[in-house]
Amino acid sequence: MIPLLILAPLILLAAVGAVWKARPVHAALFLALALSFTAVLYLALGADFIGLVQFMVYVGAVAVLIVFSLLIIHRGDESEEAARRRRALPLGLLCALPVPVVILAAVSRGAPTTVEGAPVLSVRQLGTLLFTTHAPAVIAVVVLLTAVMVGAALLAREPQPDRRP
Amino acid sequence: MSADPAVVLESLRAAIVGLRADLRRNPGPAAQHSILVDPDHLLPVMRHLRDHCGFDLLTNLAGIDWPDPKLADAVAVPDDAGDAAVRAAGGFLEVVYHLDSTKTRGAPLVLRARTADRSDQVSIPSVVGVFRSAEFQERELFDLFGIHFTGHPDLRRILMWDAFEDHPMRKDYVAPDDYEYEPTPHGDVLEKARKHDPPKP
Amino acid sequence: MISDPPIFNSSPVLEGTDEDQLLRVSLGPQHPSTHGVFRMNVELDGETVVKLKPVFGYLHRNHEKIAETTGYLGSMPYTDRLDYICPLSNNWAYALSVEKLAGIEVPERAQHMRVILAELTRLVNHTAFMGFILADMGAWGSALMYAFREREKILDLFEDLTGARMMANFMRFGGCRNDFPDGWDARLRTLIDHYPHFLDEMEEFLLGNEILLARTRDVGALPKESLINGGVTGPMLRAAGVNHDLRKADPYGIYDRFSFRIPLGEVGDCYDRIMIRFLEMRESLGILKQAAAALPGGDFVNPKIKIRNFKPPVGESYARVEGPKGELGFYLVSDGGPNPYRYRVRPPSFINLTLLEDMCLGLDLADVVIILGSIDIVLGEVDR
Amino acid sequence: MTASPAAVDAAGWFAPEQLPMLPQRLVEHLLSLTGAPEVLISIAGIAASAGTVLLVFSSAFALLSLIERKVLARAQNRIGPNRAGWFGLLQPLADGIKMLTKEDVVPDKAEKFLHFLAPVLIVLPAILALGVLPYGRDWTPLPLEAGLLFFFAIGALTELSVFIAGWASGSKFPMLGAMRAISQMVSYELPLILSALGVVMVSGTLSLQEIAAQQSGFHFGFIPAWNLFTPWGLVAGLLFFICSIAEANRSPFDLPEGESEIVAGHMTEYSGFKYALFFMGEYLGLFAIAGLGITLFLGGWQPPVPGLAYVPSWVWFAAKISVVIFLYLWIRASFPRLRIDQLMRFAWLCMIPMALLTLPAAAIWHFTGRGAFSWLVTLPLLLVPWIILGNVFNRRLAPGRRRYRFADG
Amino acid sequence: MNDATSSPKPPGKRWSLPGAGLLKGMAVTGRNLVGSFFTKERMTTVQYPEQRAPISPNFRNFPFLVHDGDDPDAGLRCVACSICEKECPPQCIYIVLERDAEGKSLKRPKIFDIDVSVCMNCGICAEVCPFDAIYMDGEYELSTGDRFEGLLFHKERLAKSADYHMRLRPKEATQVMERRKAEEEKKAAAAAAKAAKAKAVKDADANPTASANPKPEGGEA
């Protein structure tokens, strides 16, 4: 339980930082911080593989790509950004209302807070499980991902004027 | 087409009607005679030389400041036959063009163009339209001599900084001694040198 | 009939770039690969160059005004400082112009000495060029050190002959300052025999290298006509296939006695410029061999010319030399006095830069560095 | 690590083979004498083993910074630093002092905190990655079951830190450097992982100790059974080596700090000790990636020659890593730099297809009995595309032969 | 123009093993790396303070004044004619002629300064000096702390003995010595001839009738 008590507030803080920060790059870095703390949380719970994959995929790829796109569009006037944020605050709070309600309901009904009894899987077992019992799901995901990749590539390729003389 | 000024002058006279240009003899042993062209006819002459006479490489533009025209005529002697565009008494600024050809061998052809005088009418048509190589050299002449090239796309100072007013290569240019002075005897060595052979007016 | 060249419009921004996305960078004057205090205001869209404005004048000391207040002999050491990588060919150009101005003829031995020294200077310049172009590409100075190791051997020869490795101040009107010290031409012959080993090593190091091929092929190529129209001279012009070498086009000295060939390229991009300089080095070695073999005896300077208060007759003269960087010319106007009335230097590096922007538009920042390196400029000559 | 063994086999501790574990065992032994609680002892043991890794590799970093300058100098016929100390051995000390005493300039447009954070974030992953490599027969500071995955996960952090360094400096050249660095690292991480995948497929595990252990034994008596001496391993090893140069931002791919173009890339606005941290991060990253390359393809601590059993295993690891690092230095001395678009085209059009090819090749090699016959089958499958791809790539880059005519007219 | 379409190495040949050029490049650096340990000819580094590269006899650094004999002040060859001061391009020589009480020139420089921060050691002063008084030195370790006085060499510091010049440049010094000796003899002969003539005229005055001088004596040499 101790790691959860330490890490949960950290993740929350980082998430709030990601939302609150005016400068987009700061927000992206806070997002990366939040995701890496969740990865540490997985490691603390003993799920090595998930923790490492989470860290690698989210911090290594997603955060970097967000930051890279921010680098490309480095013109951004942050001044009126803060004003827009003021106006959106009440709407945001309204939407966020149900979340604590759900948490309180779960905790009051005595949902199991401990995690024993969850099967501890080694990487090898995980691998065999994935590619035997859940093979069709994996294949579906693979196809979906490649489709998304090809689509993104086509979309991104706006007609660059070939400037080579 | 050989680079002999006399032959070139004939072909120019044939091609451009009412051309005001005359042959100028070089008294020195180098014997590189030149053609003095009136600035109004400069562009047609250049275009004719590049397209018909095969002079496709403008190698050199040199500016000269002539405070007294007699010295100018001593260096580029006008033969009496030509309708010498004799200048008025005042001095003038002169641009000397050296035209070379990548197809025929031999020395370059020398052209001269003179401004009306040294103070306000100092403009000569720019030849950047015909020879792109003149672009930086004309900016340098504008910077160092103050010759204004009409039609130059980007006439700015090239060597001195933009806030500089005077034109350093003029004969009557006085160098500003506003830089901080180092107390070395070298200072009076300069005075002594100036006494030996004072710079010409 | 060549249609008028695209008159240089002051801001040739490439189409398809919106203004505010541009990144304005100033390359230089203090920059690792601008070969001196040379500055380019570059506007980048991402990595591609959209606009490039060279800025000159950081090393301008008005060499021509100083020459107007110094005697003819006094200007000779200043010509070393024009293109300080090849001082001896600057000296020769100035001496040639004064000899034409005053009608001085040069004895045989001095003519051979001048050809030998000019071709040695061409070797020095092209060897240093090989080192610099590789360093610009990022090869961490390996080629630079090999090039400088060989260049030092030639500079030792210059030091023994003229007294200084680079600032030679060696030519006088009508010949040279002193004769070859004994054993000098023997060391010259060993150098000539040994130099091809270095050229083979550099070619093996440079020309097959796929990365170099990738970096220099089709980079900074311009059609022949716009190069001629832009006043470009020297290896850059010959790389595009224009047969214009002053040693053959407007022969001076005794070059017409030696048999040598002028290498010409086809496309004129950076690769051809490197290759042409290699081939020129091999031709220079050929000339050196012939000149060293045919070196006659006799006096090394025209005895009748006196050094002090030398006053050429009134007149003007324009003489030029095929320097390693292009046509280096001196235009002198004499009014009969001890100082020249007008002293104009035709600087090849300065005029070769006219087309720098046309070559770099649409390419990357890394290409700009390579193109500037392939033009091979020296700021002493650009800013005068 | 087991609890402290009885004193009787303490003699075993000092055997050359057990030397790396000595500090950890000593610390644990001493603490156990003082009767500290069990948890404290294990933590101190881990700290001790981490301390040995840090000590060994920071001294190796100092030595490498000297050796790099010496090797580069010798390749350029110079002598290299030999003034500070005997044969220049104190040069790293001198550099360190200089870096410490240099004023630490922070540009005013920079983001103060991020500008400070970036060098730390660059050194952090390199050190973490060093912890997971198997240095000896039974000594790995952090024996994870998914060691390889941990290595690549941590490796992904370097891109983020390079971006922070570039962006936080606020000025133009670092911005360009950061853009180049990220696009280069992202596009070279893919072939890096793909080429390592072949080894994972053949050895069936993600743990590095297992991979190193499986590469023991010799074919025909003298060829060691390393992954490099298999058809797919040869190509995958070469690809891994090339991608490791790109990951470590070294010579042909040192575009992010291409000093002849953008001065020092993302490191331009740093000075003093932060600049030294960047170099420490780069060199430790080099050690880490070289160590991984050795473990995957050169058999980690396996002896190359059958006879020498008495030589401790970590000596072989040190020897191999120095050979690989020498290769890096040699390459740095002899290649110019690629342009950014050629770099990307090389990664996406040439490296990734070849890396993908090694996976089926490894499978075919495995199912055709791993013997000489499988060599015959898989080798052409890999070499022919390499030749074709190389020539297409070259021809696209360097079209047509160049002819030069000589005019003496 | 004969189009000998030969080029030393056909780069980009039809089928080349990709990466072969790169390996050749590495072979060159490798050969240099190994070679630098064996062939001394590759290693050109001179460890400066311990080893010093020999300077060539013709090397010219800042000028120095030559004085015969051992007294630097008396034996100075320079007669303060200040030709070198006029001819020096950057004007860095400063000479003041020494005059005795009533203003007669003593043909000696009272002050002879060279501002070494301006001098570019071009050697023109040594070339134009008709009295072999100034030559280019070979000493190059001249660093000094003071920018003004330190770089202004006065007469005392510039003067060096003739045998220093002999040691510095034996070939040139011997030529100078022979030429000066030849001039000495010529001057001595001329002086002797003049003395003889003066004696002859004196004899003639003593005994005017004895030997009328047939032809009036021309101006002496």
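Labels for the chains are A, B, C, D and E, by order of writing; each one numbers its residues from 1.
Going forward, contacts are C-beta pairs under 8 Å (C-beta built on N, C-alpha and C of every residue); 3 or more make two chains touch, one makes a residue touch a chain.
Since the model is a prediction, treat every value here as computed from it, not as a measurement.
Q: In terms of touching chains, how many steps apart are subunit B and subunit C, taking the shortest path?
A: 1
Q: Starting from the defined contact criterion, work out which chains touch subunit B and subunit E both, please.
A: A chain counts here if it touches both subunit B and subunit E, which gives C.
Q: Pick the chain whose C-alpha centre of mass, unweighted, sits closest to the average of all protein C-alpha coordinates shown.
A: Central chain is C.
Q: Relative to subunit A, which chain's C-alpha centre is the most remote?
A: E
Q: Could you quickly compare C-D and A-D and let me know which has more C-beta contacts?
A: Between A-D and C-D, contacts are more numerous in C-D.
Q: Whole-Å distance, subunit A centre to subunit E centre, using C-alpha means?
A: The computed centroid separation for subunit A versus subunit E comes out at 80 Å.
Q: For subunit A and subunit D, let me know how many angstrom lie between their CA-based centres, rounded off.
A: 29
Q: What whole-number Å value describes the gap between the mean CA coordinates of subunit D and subunit E?
A: Taking the average C-alpha coordinate of subunit D and of subunit E, the gap between them is 60 Å.
Q: With centres defined as the mean C-alpha position, give me the subunit B-subunit D separation in Å.
A: Roughly 65 Å, centre to centre.
Q: List, in ascending order, every residue of subunit E touching at least 2 other chains.
A: Residue numbers touching two or more other chains: 1, 4, 7, 11-12, 18-19, 22, 25, 28-29, 32, 42, 44.
Q: Tell me, which residues of subunit D touch at least two other chains?
A: 75-78, 175, 333-335, 394, 398-399, 402-409
Q: So which bits of subunit B are touching at least two other chains?
A: none
Q: Residue numbers of subunit C touching subunit E in their complex, please.
A: Against subunit E, the touching part of subunit C is residues 70-71, 73-78, 142, 146, 149, 152, 156, 159-164, 167, 169, 177-178, 181, 201, 203-211, 213, 243, 261, 271, 275, 278-279, 282, 307-308.
Q: What does subunit C use to touch subunit D in their complex?
A: That would be residues 23-25, 31-33, 44, 47, 134-142, 144-146, 149, 205, 209-215, 217-218, 243, 248, 259-267, 271-272, 275-276, 279, 364-367, 369 of subunit C.
Q: In the complex formed with subunit D, which residues of subunit A make contact?
A: Against subunit D, subunit A makes touches at 25, 29, 32, 48-49, 52-53, 55-56, 59-61, 63-65, 67-68, 71-72, 74, 122-124.
Q: Per the contact definition, I'd like the list of subunit E residues that touch subunit D in the complex.
A: So the residues of subunit E in touch with subunit D come to 1-7, 10-19, 22, 25-26, 28-30, 32-33, 35-37, 42-45, 47.
Q: Residues of subunit E touching subunit C in their complex?
A: Result: residues 1, 4, 7-9, 11-12, 18-22, 24-25, 27-29, 32, 42, 44, 56-60, 83, 87-89, 120-124, 127-128, 136, 171 of subunit E touch subunit C.
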